[in-house]
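Dropping the structure in here first, questions after.
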Amino acid sequence: MAASIALARQITRVNINNTKICRLSTVCTDGAFCNASLKRYSDVAPSRSDPEPDVVESHNETLSNAQAHYRYIFPEILPNPDSTRRNKVCEMLERNDMMNRRSVLEIPEFYVGSILAVTASDKYAAGNTSRFVGICIDRGGCGLRAWFILRNVIDDQGIEIMYEMYSPMIREIQMLKLEKRLDESLLYLRDAPNEYSTFDFDMAEVPHVAGDHVPINPLKVKLRSRPWLERYERQDLKGVEDLGLAQKFYDRAKQLATPWEKYDIMKQYRATVTAEDQDEVFRDIHEKQQQIEQARIVRRRRKKLQSNR
Amino acid sequence: MSCLTLLNGAIRNGFGKASFSTTQSLQQIIKLSRLRVVDNSALGRAAMQSGKPPRCIHVYKNTGVGTIGDKILVAIMGQKKRGYIIGCRQKQAAGVPRFDSNNMVLVDDSGTPLGTRIRVPVPSCLRGKATGDFSKVLAIASKFV
Amino acid sequence: MARSVPPRLKFQILPKIRNLSTPEGPLGRIKQLQKLVGAIIQYERIESQWSRADEARGYVERLIQEAVQNGPNHKPTMELANYWLVDKDLVHKLFKVLVPRFQNYTRAYTSMFPLPLKMPGRVNYKAVLELKGNAYPHVVPHHHDNHHTLLNQLLSAANDEYRQQKLAEKLSALNISMAQFGDEDKATGDAYSGAEEDGKGRTAADDNEEAAGGSPDKTTTAA
């Protein structure tokens, strides 16, 4: 990765949107700006289980059905939409690295609300690995900096661990329960009673057939009494029960609300990777992804045969 | 925190924007931070039940900001006691657990922990700090995360 | 709002939105853009400040893009058109007039041209923003090159012939043949200096010609 960053820095002429821009291209090296600038994936890329199919996928007519799902399966493969951070060479190199990693480590399709078990390398733990089970409360980042946060409550202590998906320290990511929630981010679980975030480390894997619709858990969380970490009345949360606040809170929230952002199509455009760029990305990785999926099927079949014996 | 929002409100200009910027809440453990004692020491338990949790009065570190594994001095039930931070609310690096409360264990002057057991999970990266005093603290930990 | 992945806009946009500061803040910006978008859809060519026109351009293009892609029966698109076009007749125009016009466009639906600065005075960059295919004459007049029409080709050929004929007559008057011009070795200094003198100055013969009503080469080409 360091070599690819060095290569990208050497490039002084970059063709972006068919114009030559003479400047040194730099690679974003920290995940912080990615978190800030990149919208939640579901804002722009709904999952395959959307209840209201109001999306007209006309741009995908040229792609096969398989490729059309890629932006749901691994949204981090798409580059940062910020046009000042785009660099085709960097993106190509990162994509290569990502697919190479994916061919070695199976990173399942997951959404915020899914329950995962991550086994990571830990030199201080017994057996040099440590396993953590938790609900994904947030995910973000693009490219190799993609991350997700798992939350669990152990011995009445709420614990969260942020994992970088493509870190070589990760040995295994196991999908225990694939499901979606009503919100794109479950950070409000920090202000919810512990029951909502407790998941048994030994919980059994809930089987999910590949290609099936992702189920949406319609659970509405009842938060603890105030004080809270965030002003939830100002956020459009669907997975939370009635907050039970005084009217003045809702009035102030209405004052500060920005209902016009829903119609600000140029702001949304700048926060999305365009259809042409997406198609280019997916065509690039399609072959490799097919190989990975084929290998996975073979591996699963082999496992099944062994377990039957 | 509420004092700051009041100031923010008072200094608003005609466009309703505050005249100074503030950072996000950093969740750092500094002087006067309140912590949660997570061992089964009598002093710790009494402090937590009385509703007056220990307050950090010194961080044994050049920066003055304590994180996981740092030694601090706390004022607890009218006494000064040393302790180790074994859990932080602060945002951590990838792979390092972030706790919902700032956890600490009390330790006497010779470095022996006051309690006999830590009832919450402890980050496994603390094992890397198994030097002298700290190894005694790790010995009473029951679960590692 | 629109949840489908947008196709790339066929013109350059700045990486960030312009704030277009107004007393109402971000809402004021949207209201200003609503007016501009409505005006472009209605009049199909507007003059405005460069920054405002450039900002509105993206919104117009995206609106038309959504309308072309999804049609009027798509609820979110109709909601979007309803929001951006305050005058409801324009919503009708968008779907019934503009969508068929731009149905098969592969390029941008709008054009933007800078207007000249009025100097002396304060520098105020203005621009013309128009929808393509509008009924007005072109902003930048099309240069019509008529050189290759049949009539003009015949005329220019006739001109050339006349000139050659005249040159031959003048040379024969000075007893110099055309053959000498082709042969560098045989050409003398006199021959060249003689030709130059002839070429430069206007002889009495030329004056007579003009008085008579001009020669073929003096007529203007047919437009």
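For reference, chains read A, B and C in written order, and residue numbers begin at 1 within each chain.
Definition applied: contacts are C-beta pairs under 8 Å (C-beta built on N, C-alpha and C of every residue); 3 or more make two chains touch, one makes a residue touch a chain.
Source: prediction; values computed, not measured.
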Quiz prompt | chain C and chain B - chains in contact with each | solution = A
Self-check item: Of all other chains, the one whose Cα centre sits farthest from chain A
Solution: C
Self-check item: Rounded Å distance between chain B and chain C, as computed from the means of their C-alpha atoms
Solution: 70
Quiz item: If you average the CA atoms of chain A and of chain B, how many Å lie between those two points?
Solution: 31
Quiz item: With chain centres defined as C-alpha means, what is the inter-centre distance between chain A and chain C in Å?
Solution: 48
Practice problem: Please name which positions on chain A make contact with chain B in the complex. | Solution: 120, 122-125, 130, 132, 147, 154-164, 167, 169, 190
Exercise. Report the residues of chain A in contact with chain C in the complex, numbered from low to high.
Key: 17, 19, 44-46, 54-59, 71, 82-84, 258, 260, 262-270, 272-278
Quiz item: Tell me, which parts of chain C touch chain A in their complex?
Solution: 1-9, 12-13, 15-17, 26-27, 30, 55, 58-59, 62-63, 66, 69-70, 74-76, 80, 83-84
Quiz item: Okay, in this complex, where on chain B does chain A touch?
Solution: 38, 87, 92-101, 103, 119-121, 124-128, 143-145
